[in-house]
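Both complexes shown next keep subunit A, but they swap its partner, so subunit B is in the first and subunit C is in the second.
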Partner chain A sequence: MIETLLAALVSGLVLGSLYALMASGLSVVWTTLGVFNFAHGALMMVGAFVAWTVSEAAGLGLLTGIAAGTLVAALLGVLIERLLVRPFYGHRSMLLITVMTTLAAMIILEKGAQIIWGARLKQLPRLIDGEVSILGATISAHEAVLVGLAPLILFAIWRFTLKTRTGRSLRAVGQNQNSAALIGIDVPVAFAIAFGLSAALAGLTGALLGSIRFITPVMGAEPLVKAMIVVIFGGLGSLGATAGAAYLIGLIEALLIVWLGLYWTPFVLFLMMIIVLVFRPNGIFGGKE
Partner chain B sequence: MDNLLTVSGVTAGYGPITVLRGLSLHLGAGECIGLFGPNGHGKTTLLQTISGLIRPTSGSIEFDGRELTRLRPPHIVEAGLVQSPQGNTLFGDMRVQETLELAAFSKHARDDRQSNLEKVFALFPRLEERRPQKARTLSGGERQMLSIGCALMCAPRLLMLDEPTLGLSPRLKEELAQAVGSIAKEGIPLIVVEQDVEFLMALADRLYLIEHGEVVREIDRANAPDHDEVMRLYFGEAAG
Partner chain C sequence: MSEPALSITGACKTFGGLKAVDDVSFRVNSGEIFGIAGPNGSGKSTLFNLMTGIPYGPSAGEVHFDGRRIDRWPAHRIARAGLCRTFQKDAEFPELSADETLQISAVYNGGQRRRDAADNVDKALTLVDFDPDRRTMRSDELSVYEKKQLMIASALVSNPSVLMLDEPASGLTKPEIEKLDALLIAVNRTGVTILLIEHVLSLLLSVSERLMVLNYGQILAEGDPQTVVKNPAVIEAYLGGRG
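The block that comes next holds the complex of A and B.
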């Protein structure tokens, strides 16, 4: 019993790390632009495929592949902002329009990946071979890298938004665009940086996940849905709340899989999401607006 | 022409609504001018157009011999033309200290960040006390000080203040009026929008009365109106 519980905890930690990386990317775009990017999961998928192409097809090594996947996803993110989000800025239905345009981007990227890379399943080698034992539960060393890396990346993003000039300018733009422009901040540049950073995070997550799961054109859909549940739980406003909710959802999911099985787990997660939306629309960690 | 700022024939507005109708004014080097007139007649729109937040449909704006009309806000701030906006919501979740540090954003403002910060704190000692506080916890007067402080951090060569004493108590109003006066004494040219004409006349070299998006009267020391005339300008003949 205890062993099962520990195994579930550790597997929840792995899931939580994945969701934290995905959700923090969504949060960066939301706090700066007020846009929910539905193409975020597809950007993750592109990161994984590009990493595979560079690492396996071109044989340039896994680290080069991960870097390339991150970079290409970042560039695509900037492109999506430029072509599909910026034209609708200041429009009074902007939020709804960008839901549609980023959903369109998701479909284009998924179908595009299908055409470019085909339907055959692909997988990346692991960063480190072997296994690691945490609290008596065993996970692959690669998953342990993901677990260790996620808090470091979250901490780096947090410091970036709090302490650097560029990071502060993103927060300023998110809180008051006109005032930001009047102290000399280039608002469109801030938008591009936010989208690029967020997409880079997605690409990196995808490239890391490509060693654990199969790389397919729709591999980003499920993490995106989970990241959405996370941001609804945590609220989108603060990085700390988003990260906390990510680990919480990861743990709950792992425990539910043990107790209820794979089939009923999504049902319960969505039920919880609906309950949170009804009673705490700003998220369980979210402040009152 | 040795004008620092020349606004000629500017027409601008919001979508289909035209607010400024061919407005022209100028500001000489080292001069301080005031804009007054009824609400909703284009004073704020004019400042926003000069700052690049609104694109004029016709006319031109020249600053220090350089055409600004089509430039975007960050380049206008970089040129030294800075505005402290009305309302002053600023960045609610940012602390006073980091807001001021961030405001020294443009390249030329960054070098003087530390000395400008000291100047702002000398001008508004209350901001120094409130350094770790978030902007949305500040009082109306303190927000106004922060807004002006931010504009000063941008190292302005011309500073535009949009109703710096709006909605403040008489005591705070006096405090801010003095601060604005000492900014003017430092030699920073000012454009001040205000409802309080007497305050403006004490501060500015010339005043423009703006109505229906046009300059309807230019006032300087030679033709300064007395109190009754100011009342008439505002409220029409009935008030006289």
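The block that comes next holds the complex of A and C.
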């Protein structure tokens, strides 16, 4: 029993790390623009495919592949902001319109990936071979890298938003766009930076995940849904709350898989999300209305 | 005649069939406090909006600032050029402290280096008499008057040549309005030209060197404040017919 729980705990840590990276990207865009980017999962998929192309097809090595996947996803994120989000700034139905445009971007990217890379499953090699034992449970060394890397990346983003000139400008834009322009911040540029940063996180997550799961055009769909649950669960707007909720959801999911099985787990997770929305609409870590 | 700090020519702003600002032209001299009054919905804030590009520019007409035409510039460029404004509402960035707000403003708007920015943040907060113990508090935890001080300081930290204040006295008590009166005079004495939209007539008449009254988006009267408020058309429109 204890061994099962420890295994679930470690599995939850791996899932939590993955969700934290995905959800923090969603959170950056939401807190800066007030937009929910439904193409976030597809950007993750692009990161994985580009990493595979550079690493395996071109033979330039995994680290170069991960860097390329991150960069291409970031550039695509900036492009999505420029073409599909920016034209609707200030529109009274901006939130609804951008739901549609980012959903369209998701479909375009997924179908585009199918045309470019085909339907055959692909997988990246692992960063490090071998296995690591944590609390008696065994995970691959690559997963251990993901577990170690995620908090470092989250800490770096937190420091970036808090201490750097650009990070502070993103926070200012997120709180008051008009006043941000008044103090000299180029608001559209801040939006593009937020989208680029968010997409880079998605691309990096995809490139890292490509060694654990198969790379397919729709590989981003499930992590996107889980990241949405995390963001709603933790409360929109706070990176710390998002990270905390990501690890909590990862752990709950791992325990539910052990106790209830794979099929009931999404049912319970969504039920929890609905309960949180009803009783704590600002999330379990967010303040009351 | 010397070059005006601001010159607005034939400014119009239409929303569908509604003319919110209708062919408004005026000049603001360098170093003066220029008051703008008018009933609710007369176009005062719309005029500020189209002059600063937030959230829109004019439908027609020209705005010249410091000898340059700015009515097609993006808002952040206008602010960086030295034309700053405040809004009627409270804290600009609720989750940022006064220190953080001013540092961002100094760096982006003023183009200052971090060390210079820190000095200018101190100067601006001192000028508006902001309580030093409350500089690191979140803006949404400040009192109404402190939020007004912060808004003015965040504009001043970038060393603007023109400061546009939209109803800074709203929500203030009488003693606070008296403090604001002294503050505006002090800011003006540093060489900053001030445009002031205000409903509190006592403040407007106390500090303004010239006064313009708007009604239905058009200029009703402009000139010496004491003369303008005695204008029968202004009394009829703005004061509701009371003498």
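Here, the second predicted complex is superposed on the first by the 288 of 289 C-alpha atoms of A that agree within 3 Å, B and C clash if a C-alpha of one lies under 4 Å from a C-alpha of the other, contacts with A are read in each partner's own complex, and residues count from 1 in each chain.
Convention: a residue touches a chain if its C-beta (ideal position, glycine included) is under 8 Å from a C-beta of that chain, and two chains touch if they have at least 3 such contacts.
No experiment lies behind these values; they were computed from the predicted model shown.
K.L.:
Just to be sure I read the superposition right, which of the two partners does A:178 touch: subunit B = first, subunit C = second, or both, or neither?
P.N.:
Both partners.
K.L.:
Now for A:165: first (subunit B), second (subunit C), both, or neither, which partner does it touch?
P.N.:
After superposition on chain A, A:165 lies in contact with both partners, subunit B and subunit C.
K.L.:
Of the two partner chains, subunit B (first) and subunit C (second), which one does A:92 touch, if any: first, second, both, or neither?
P.N.:
In the superposition, A:92 contacts neither subunit B nor subunit C.
K.L.:
Counting only touches as set out at the top, which of subunit B and subunit C does A:120 meet: first, second, both, neither?
P.N.:
neither
K.L.:
If I apply the document's touch criterion, which positions on subunit A are contacted by subunit B in one structure and by subunit C in the other?
P.N.:
In subunit A, residues 165, 168-169, 171-172, 175-176, 178-187 are touched by subunit B and also by subunit C.
K.L.:
If we count contacts the way the header does, which residues on subunit A are in touch with subunit B in the complex?
P.N.:
Answer in residue numbers: 165, 168-169, 171-172, 175-176, 178-187.
K.L.:
What residues of subunit A sit close enough to touch subunit C in their complex?
P.N.:
90, 165, 168-169, 171-172, 175-176, 178-187
K.L.:
Within their complex, state which residues of subunit C touch subunit A.
P.N.:
So the residues of subunit C touching subunit A come out as 52-55, 74-76, 79-80, 84-87, 92-96, 100-101, 103-105, 107-111, 154-155, 158.
K.L.:
Enumerate the contact residues on subunit B facing subunit A in the complex.
P.N.:
51-53, 72-74, 77-78, 82-85, 89-94, 98-99, 101-103, 105-106, 109, 150-151, 153-154
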